[in-house]
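Look at the two complexes coming up: subunit A is in both, with subunit B in one and subunit C in the other.
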Partner chain A sequence: MTETTCIEIKNLTKTFSNGEVRAVDNLSLRLEKGQTVGIIGADGAGKTTLLRLICGLLQPDSGTISVCGLNPVTQKSLLNAKIGYMPQKFGLYEDLSVLDNLNFYAALKNVSPDFNQMLEFADLKRFQNRLAGKLSGGMKQKLGLICALMGMPELIVLDEPSVGVDPVSRRELLKMVKTTVQNQTTVLWSTAYMDEAHGFDTVVVVDRGKIIYQGKPQDLAADTLGFENKVIELMGGYAPKPSLVAQNYHLNGSGDGFAVEAVDLVKRYGDFYAVKNNTFHIKKGEIFGLLGPNGAGKSTSFKMMCGLARPTGGTARIMGIDIVKQASLARSHLGYMAQKFSLYANLSVRENLEFFAGAYGLKGKLADEAVSRMTEIFGFRRFLNDNAGDLPLGYKQRLSLACAVMHNPPVLFLDEPTSGVDVITRREFWNHLTSLAQKGVTILITTHFMDEAEFCDRISLFYKGKTIATGTPQELKRLAGAQSMEDAFVNLILQNGREIS
Partner chain B sequence: MNITLAFVKKEFLQIIRDPSSLIIAFVLPTLLLFIYAYGINLDAVNVRLGIKNDDSNPEIADLIKSFGQNRYVTSAVYNNQNQMYKDIVSSKIKGALLIPDDFSARLAAGKQAQLLLIADGAEINQVSYTQSYVSSIVSQWLQNSRFKSNVSQPAVNIQPRYWYNQNNNARWALVPSSLAVTMTLIGILLTALVISREWERGTMEALLSTNIKPIHIVLGKYIPYFIVGMLSLAFSILMIITLFDVPFRGSFWILFLVSALFLYASLGIGLIISSAAKNQFLASIASLIIGFLPALMMSGIVFPVKSMPLFFQYFTHILPPKHYVDFIRSEFLSGTVAVNVVSSSLFLLTLGFLFSVIVYKKTARRLDA
Partner chain C sequence: MLKNFNRLKALIKKEFLAILRDPKSRIIIIFPPLVQLLIFANALTMEIKNADILVMDRSNTYESREFIAGIENSKWFGNVTRAESLREIEQKIDRQQADAAILIAPDFARNLKKGQTADVSAVLDGRVSGTATALSGYFTQIAQNYTLKLAEKSGKTAVPLSIETRVWFNPNAVYQWYLVISLNVIMALVVTLILTALSVARERELGTFEQLIVSPYTALEILTGKTVPPLTVALIMLSVMALISVYCFDIPFTGSFLLYLGSSFIALLSFVGVGLFISAVSKNQQQAILGAFAFMMPAILLSGFVSPIEDMPPFLQNLTCLNPVRFFINIGRGLFLKNMPAADVAANLLPLIVIGGLTLSFAAMTFKRNLE
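On to the complex of A and B.
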């Protein structure tokens, strides 16, 4: 270990469930000081465990770790003073105000409570007295980041800080880190966004508890898409297969006309308009992307359109059926995947599938068939008896999709189905979706991945409760005068007066 | 020290923001005190009695009238015996008194006269009350009736004196000792959720990555809830004395000192539950079962400890409420008794200390150990 080394790990192993799960498996890693390091890998590859081991939050089974010249096992409290760590759930007290959270962490870290500059920079100053729980997703992340950056730590460890964050906020997060860190500061940043990782000094690809690549991202490929393909190759490759979901889909009632229509949808809470006016028409077999920053009103629109929230004004029609007047009939044409994992965490995979089969009115043999079909298609066999809550994130999302498509609905509503999901799983997901659409299934989807937006037939850009642009990806890029979808998104939002709410 | 202070401050902010802690601290004791004072009644039970008189002697009419004048008995006179039996079955009346036609004649002749009392044996408490009401009403009537001279006086007359509680008022005994249940519940409920909450919301992970040490977490959790608990205690005591007119004959200093020790022990139990259970639901169920039930059933408030099987008598010693009940009864009604104070305090202090050592040992240093 030399002066310039920040982290040195040798033969590190960490197992869970009495050695059954090898989260980190004989892993060795050396990282120099002053670098921004992207940690990428499939879900359940061991990224979070690795980061926690580095911070001394977990004890290794075997192997040695040295971080900033200290041993996290024996010198945890010395080390903690040098680290700024932001866990996946950000570690904020949702019932305390922004300022209370900052004061608390400043006291814990023995830092003078002067955050004006950071607050200004993150554009949180206006919200300093708001409860952390009432902030939008992007703002929570920024607040968590300020807490982690406090006191100029030598090492900053960020566990997926940009999950579920819109492109504008993601750029701001990155800028906050870049302006705070000094020459010798090392940043570990785990992410599912390949464009993000491509911009870092170094990437470390973790797979099944081992490191399968470490080096400059530009050495793998010069552009983001090439980089993504290389990473997928490293992780075992992904060859698109014909989608079994689509092949086994029994679709009735295809044809012409609109599958989903939103007509002047309005949702008001008190004097706050979550959705001011949302109107769109989606043709049968179309993939329609609903894009927009956190807190723009996408999820609220979704909930109104599935009849989960009552519109203050306007209505929506699913396959021509009015959702306000005939909610349950309209819903029977609908498969819905919520943003939060909303299956039964303490029921097994099989029990969840059986329950949803029953809930959709499938009985006896039909239900059994549906369950075994889903098991085959999504590869649940080895997880069938595991609790759904213990599944790796990618499999949780697969299970949610399985439950949404089980009754072959002609319309699918998917709310951020790929948030936090690794690249391979995302590709597989989109393979299913595009194949389903070809078969005539209508899909309404929200996402923060701009590469996914490119797969949509049409996009509606939604901002502050209003549609600010609708069109094909090409049309939107032309409208914004941008090369990439991400630039188009950022430009259009900025043109419409970016203001975090 | 700074870190502890910051933690305490944070905890207080959370208490203020989240009304549930304040509801536990102030609404819950009010509710429980009212239940103890008015809901649970070990004294008199009002009994509705049916009477069927077959004796035409006018003196007996006086007897029937005196049933109507008693504050614990309401009476209904029946002419039809079958109807009266039906009303027992349908619970319209709780007892039936039959006066045979030779009742006054036998009394006049100096013979033993008989009355038949039928009571609803499904409610055993009521049976004994009914019986004692009837016999006291009858003997009072007898003292004033013209058959008085025909009845021999009992050989022994017992004069009861109930020390500390002349009127044998159960409320006086129940309400102060209910503090033991209330304070256990408050102590445990306040703290049972506060560590599991940090796990559930993911803040524990962030905390453990900072300089914080277990002692900061332990102190940071004890101090604020101790203060809230003491305020709640003061509030309850004030209510007991002003609202329920229970006399307080002891010393407020000693009352608060021993109560503080009791609260310290209860908070310890809550914190042990909280650090063992990593989700709030489990923690709240555990605190009801571990905290509330033993406090109610085994502390001696309702069921005397001395009548329990020997094993359970010893077992009650590890329950803080048992020692507190012993203390609080004598402190309120008989005044400070040095022996009681010392023994209760020693037990509570030992238990409280033991619990806080366990809490300290159980406080997480890492996510996996």
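On to the complex of A and C.
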């Protein structure tokens, strides 16, 4: 261990469930001080376990860890003062105000920093008396970061801080980290965004509890897409197969016309317009992306269109059926996949499939057929009698998709379906979606991944409750004068922000 | 319609599975009835047994000794000992070495022979008012038995008694009977309320509620789906508890069992309405459980189970008219012990129907507002 080493790990192993699951498997790692390190890998590869071991939140089975020259297990209290940790859910007290949270963390770290300056910097000053639970995702993230940064730690550990956060907020976050940390501060940042990881000093690719790559991201590839492909290659590769879901899909009522229409949709809370006069028409077989910063009103629009929220004005039609007037009938044409896993965790895979088959009116032989079809297509056979809650993440996501498509709906509503999902599973997922669209299924999707936005036929960009641009990805990029979708997104938002303010 | 029925069937099946798979719900189904059986019914009795009695016989005649024998032979009392002086009585009761004392006046036998009222005083420990009340009841009964016996023997009419207490329908004053019947109702309340309160709140907490709303189910279907399983569970439980009451606690069931089941169904509907309403306004399971208890506590206290409704201040008496538990306990006691006629059952069912209708439509409304 030299002066310049921040973390040194030797032959670290950590198992769960009586040794059945090797989350971290004989892993060795050495990280220099003053670097920003990206940790990437598939779901369940052991990223979170590794970070928690480094922070002393878990006890290793064997091997040694040294963080800032300390042992995280035996010298935890000394180490605590040196590290700032931000867990996946930001670690905020949602029932306390922004200021209360700051005061609490300051007291915890025994420091008395200048809150004003910090709040100003994060642009949270206006919201300092608001409850943390009532902040938008991007603001929670910034607040969580301020709390983690308090007391000028030598090591900052951020566990997937940008899940479900829009590109503008992500850029702000990165800027905040870069400007606050000093030369000697090390940042450990686990992420599912390849563009984010590509900008770091070092990346560490974790797979099945082992490190399969450590080095400069630029050494792998010069651009983000190439980097993503390289990472996928490292993790075992992905070869697109013909989508069995699409092949077995029985679509009724295809043809011309619009599958989904939003007509002057308005949602008002008191004086505040969450959505103003939103109108768009989605053709059959189109993949339509709803993009926008957190809190721009895209989720509200999405919810109004599938009947989760009642519009203050206007309406939406699914396959020509009014969602307000004939809710039940309109919903029967929908397949829906929620942001977080929302199937019955206590029920088995089979029971979940059976329930959703029944819920959409499949009965007897038809229901049995649908269940076995989904079992075959998604490879659920060995999990059939396991509780859905115990499935590996990738399979949970597959089960959600299976429940959404098993009644062959002509329209799919997908709300950030790939949030927190690793890059290979995402590729597979999009393979299904594009194949389904080719068959004539209409898909409405929200996402924060800009590479996914490229797969959409058309995109509607939301900002402050309004649609600020609609068009194909190429059109939007041209409009913004940008090379990548992410730049287009940020440029268009900033342009509009200036116009409004 | 058939398609919709099929879809409803799938939902009801899912709700049953959800109850059976959720460890919290499972405990709630199995635990309370067991508690009732094992603990409450045996420990919570207000019947006094083994009370220690002092007797001071200043008459010291054949008649007085016969009266004392009546006390000694009673199954309610433990040690019956002689006291020599008032002072001894005072000390022993004060130190709680005795629960009560009986004083027989010197002119006891004389008055009896003359056909006049004979005096027996009972000294009771007012600090333990429950015991005191029970013992006073027992003494009155013993005195009654004694005078009846006396009258039989002499062939004369019985000496008029100044105190006339008669406990109807429950001639042995076995408190357990009342307790078990009321507990059946209260257990059904606990089970139904908690199961229903958890049902929507659990789905909201886990995010599955949105999935349910986006499916073609209507608000009414979801309401039905959430009502049937807890109602069925509670109805089965009530029947089992009724059987246990009859066969294990030897409580007579004098009314119509069919009527009991029918009334239970309606009463449970009103409980379900309250539970679903609580669930529909709760954000998570903790809130739902707290809400359920916030309702249950006053509902049980104001049901006539803990203290008679007639003894409450008028304001609270009026309030009990909103309490479904009160009417259900009335029906339960009536059908078990006094062969309550259908008309009287109906009189108690009417408020239950009103309460049930109101709470259920209220729940459906809250539901619907949250849906859209």
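Following the convention adopted for this analysis, the second predicted complex is superposed on the first by the 494 of 501 C-alpha atoms of A that agree within 3 Å, B and C clash if a C-alpha of one lies under 4 Å from a C-alpha of the other, contacts with A are read in each partner's own complex, and residues count from 1 in each chain.
Simple rule for what comes next: contacts are C-beta pairs under 8 Å (C-beta built on N, C-alpha and C of every residue); 3 or more make two chains touch, one makes a residue touch a chain.
Please read all numbers here as calculations on a predicted model, not as lab measurements.
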{"item": "When subunit B and subunit C are modelled together on subunit A, clash or fit", "value": "clash"}
{"item": "Contacts of A:Ala327 with subunit B and subunit C, given as first, second, both or neither", "value": "second"}
{"item": "Which of subunit B and subunit C A:Leu308 touches, first, second, both or neither", "value": "second"}
{"item": "Subunit B versus subunit C as contact partner of A:Phe355, first or second or both or neither", "value": "second"}
{"item": "Partner chain(s) touched by A:Asp100 [first = subunit B, second = subunit C, both, neither]", "value": "first"}
{"item": "First, second, both or neither for A:Ile424, with subunit B first and subunit C second", "value": "neither"}
{"item": "First, second, both or neither for A:Asn80, with subunit B first and subunit C second", "value": "first"}
{"item": "Contacts of A:Tyr336 with subunit B and subunit C, given as first, second, both or neither", "value": "second"}
{"item": "9-17, 63-71, 117-125 or 243-251: stretch of subunit B that collides with subunit C", "value": "117-125"}
{"item": "Of subunit A, residues touching subunit B in the complex", "value": "52, 55-59, 76-77, 80-81, 83, 85-96, 100, 103-105, 107-110, 131, 147"}
{"item": "Subunit A residues within the subunit C interface of the complex", "value": "306-310, 324, 327-329, 331-332, 334, 336, 338, 340-347, 351, 354-361, 363, 413"}
{"item": "Contact footprint of subunit A on subunit C as seen in their complex", "value": "3-4, 6-7, 9-11, 13-14, 17-18, 21-22, 206-208, 210-218, 371-372"}
{"item": "Contact footprint of subunit A on subunit B as seen in their complex", "value": "2-3, 5-7, 9-10, 13-14, 17-18, 201-203, 205-213, 365-369"}
